[in-house]
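Chain lettering (A, B and C) follows the sequence in which the chains are written, and residue indices restart at 1 in each chain.
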């Protein structure tokens, strides 16, 4: 057993659920948007803990910096100015992986063990197994994973699986100055979320709601939205689901396809050897470093 | 996406492996390693965030166990959970304090710019301090006002001034004030106004 | 802060005006959110911009920058008109009943006693009317026409909701909603906390902005209460400490003041600073001034300070005028300074009118920058293209850049905004050859002392006799310095109450400021810090976070000045009979023998309620001041326009537009712009992603906010043909900058005095040295004028123009 590990319940390109005698807590991260002041502490702490340093960009007339998630920014504060009921609302959303209970990325991934789901609910990418095909990106209903060109691997939030594995909360959770982020068992976090709805409704947010989308069987990172009827205003999809293509991939049909593929690969391999001899891997082109803009 | 021959082979292999597990030949890994927890053997030091006046408690994690030969480098900083005000939290500036410690713009040796020059040159501490002390003494001896026009003792030095740092410690502030007034200084301020 | 960070959670209403704590103090702001969530508190934000604090507010109102007194005066008027005050508190704990001299008047924007030629008031006409014993006369019915209460009512009746709305641009109904919310905290069991910062101080009427809120809080009975107070959210981590230690031209440690030329000897110096009580039976704590002062001189000059030489009084310089930073940079620009040291300070970025600052620095013979970072100031002489277009060859200043340590590389203490002295520990060695700041000062001092020993020179006595008892003379250690500002007994200090007992024995660290003596038997470098390092050790290093009352009084965490008190004026949390105003917030109670509760009483601990001692023990009145005759620009706050006003007038009194007691240098008056050339109101501020000019040197900070920008409304953008993200030229009479534009709904177009007023918001963090994109220093634009009382530059309201680049 590895020194620092978590129980796995699912992994990419592997249908079977590995057996485990252990019963672990299922975790939840609550993002209470009504308490969020958009300070970006979570974004900074994410970069700091995970040893990421994004490029220094430029101002494009927005508080959202850098402009999008990327391999060095797994957490990004997005700012939207919206008028709702004649009142200006500065809607600020912490964007990043939601750790779906039914993760589309994992379903779509063809590389064994590149994406795993631990028994605590975290969906983690293991870059050493990643083949850079980008299927996870297509499979994600929230547009989260990002391909790093330099090494052709895909990266995203790990929910600080290294911290959680030793009994600590994720870095973003710990740093959040206003308890907009909370971490615990998913059950407790849902309870807390329901409690917050009461307060928000008293303050006039009649449509306040919890965003824990059923289309992906719920998520382990979920939101309290003051304007719960308008998740799109925050930049969240209204009714996210795993793409039907991905679902087919994991279906019995795909198994049949898999048998055919396996033999095709075998046959192709033999034919290849017969025509070209032993495989010589050419030197890859040196991956281009992302230039400072 | 550029499909090179290598990536095609890699992809086919993965697809093959994938389908193998799909057929039930699962590796059945019940555990997966996560990234190694980077603070496991670091040394911890309590400190206070130097930015705003909330005065958040921080814990600095240093590489090495403080052995004689280990040159401690702060590799990570997070909030002190015991601190009554910040309770472990930090703002984006506090959460990235390591980048301040290791800023490429840290000044690391004394430098001297000669009149009219367009660049600094590196000098020794002794050179810099001796030269500054000499400049200050000559200035003070030349311009010190012992008595004003009415013959009243005023003992002040008005041609020299100092701005003191509001992020430096009380101890630094105290000794700075003590020395500055002993010199007869009056042009004295800190960041209280800005 | 009168209160402290955690105490904010006890508030029923959080009023944020003149500050933006969600951005500037996020970890302190958690207690605002806590108040909302746990205490059902409402958050009200009044700001020229819809900030990240406003984003979580229950009620937000825009306001024209520089009109806070108009707004707050309107609130005072509302409270008085609606009788929404805590009357018992006002009568017993404020100077509302005090009667003012007959020759006080206010007309056409001027208080009586104004001297036009010198732009200053003769303040004697604002004094109280005294009885034959020298005590102020009072009228507890508050009906005397010259009592403070009636004068206040009259002064503010001009500030009607309509006038307020017309001056501030705040819609009338929003203003009234906010007034109602504030008025809801008048009952004894409800409190409002006021959180402010540089949004109030950086105006030519800065001190009076804060006074206006203090008056409101006193009328509501919210001072001294948990969840109340007027809370200055200080900027830097130790700006409170450096202020406490008196590192300002006119101050000495512990709010003692520097001698003036008018104080020729010790007796006259102490005489003018040791007040007599203005009401019978008051503690009047400043009566102890001589003890604090003599103990300071003993700490500084040891045996050389003796009764015979007036405790070395002549060693201290005597001021002929004020030498605040604006005055000093004015002198520098006239070529009257030779040398300057910037210790962790970047004046080229921080002070107004960068071009004036730059020209001043170029006239110095020598400049020393002691800093962990490479600041713009240290390279003011270097050409950085359009951002710092100077001719190095023509600048004769000799410049030294000395590397100092940062927080991680030193031991020491900092004072946070809640007055907590917190000790921190060194965790790493400094990079390269960097040295600690105290060591650099020590090195310089011992070298200067050696030169004076060898060569003699101008008045060497204070240098040669400066007490320097440190283990390593060139490097005084933090523990030695901390013990010195706490103070020790130079001889046994007898306990006057118990013959044979002692408050401190010779050589012992003092337990607090109570044993301080004026006879040379105690030494204490900063009397308000006495108690921080006692015989029991370093109190600032204490780390027990327990909070038995649940009200945030963590008495065993670090150490809070004065005397480890967590809420100032806390005696006022109980009614005159000694019962807490709010039974749910029992902070202090009289138990029949002494004052007990959650905090250290800010009061004489055994003074019974019927002795008639009032709770504001530092004031000669014994009560708090609604009327403040010591202010240089008037006993009541009055609305004056910023020196650069978009109105070119003051609708309240057109003859007196701006603060008549503010100091403006002739050269700077010519550098003020008018609304015709520069039609838009500008205001400068911080953002949450950056700390001043420091974090632009950090990679993560640079990623989060990479480049300089200004914020403008959609209507101004449309008028000027500016699109979001365009480059724009922002100019004032003093210079121009080129930055990106952010077009936002968060900046409102306001209707003021029949005009449409546009605001240009200017965040301040970038410069031409750093990891962020190189940029202009935005203080190129700001005016060189300060607050009349304390000379804080008017960064928050001035005029600019903006065009597409």
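The definition used in the following text is that contacts are C-beta pairs under 8 Å (C-beta built on N, C-alpha and C of every residue); 3 or more make two chains touch, one makes a residue touch a chain.
What you see is a predicted model, and the numbers here were worked out from it, not measured in a lab.
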Using the touch rule from the top, work out which pair, A-B or B-C, shares more C-beta pairs.
B-C
Taking each chain's centre as the mean of its C-alpha atoms, which one ends up farthest from the centre of chain B?
A
Approximate Å spacing (C-alpha centroids) for the pair chain A, chain C:
46
Go ahead and note the Å separation of the Cα centroids belonging to chain A and chain B.
33
When centres are defined as mean Cα positions, the distance from chain B to chain C in whole Å is 25
Mind pulling the chain A residues that touch 2 or more other chains?
39-41, 43-44, 47-48, 177
Any chance you could list the residues of chain B touching two or more other chains?
79, 86, 89-96, 99
Among all residues of chain C, which ones touch two or more of the remaining chains?
26-27, 30, 688-689, 699-701, 704, 771
Considering the complex alone, what residue numbers of chain A touch chain C?
34-41, 43-44, 47-48, 53-63, 65-66, 73, 81, 83, 88-90, 92, 177-179, 196, 199, 203
Chain B residues within the chain C interface of the complex
43, 45-57, 60, 62, 71-74, 79, 82-87, 89-97, 99-101, 103-120, 125, 128-137, 139-141, 143-144, 146, 148, 152-179, 181-194
So in the complex, the part of chain B that touches chain A is made up of which residues?
1, 4-7, 9-24, 26-38, 40, 76-79, 86, 88-96, 98-99
Contact residues on chain C for chain A in the complex?
22-23, 26-27, 29-30, 33-34, 36-37, 40, 50, 52-56, 58, 688-689, 699-709, 723-726, 740-746, 771-773
Chain A residues touching chain B in their complex are 1-8, 11-16, 18-20, 39-41, 43-45, 47-49, 110-113, 116, 118, 124, 126, 131-134, 152, 158, 161-163, 165-166, 171, 174-177, 254-255, 258-259, 261-262, 265-266, 268-269, 279, 281-282, 284
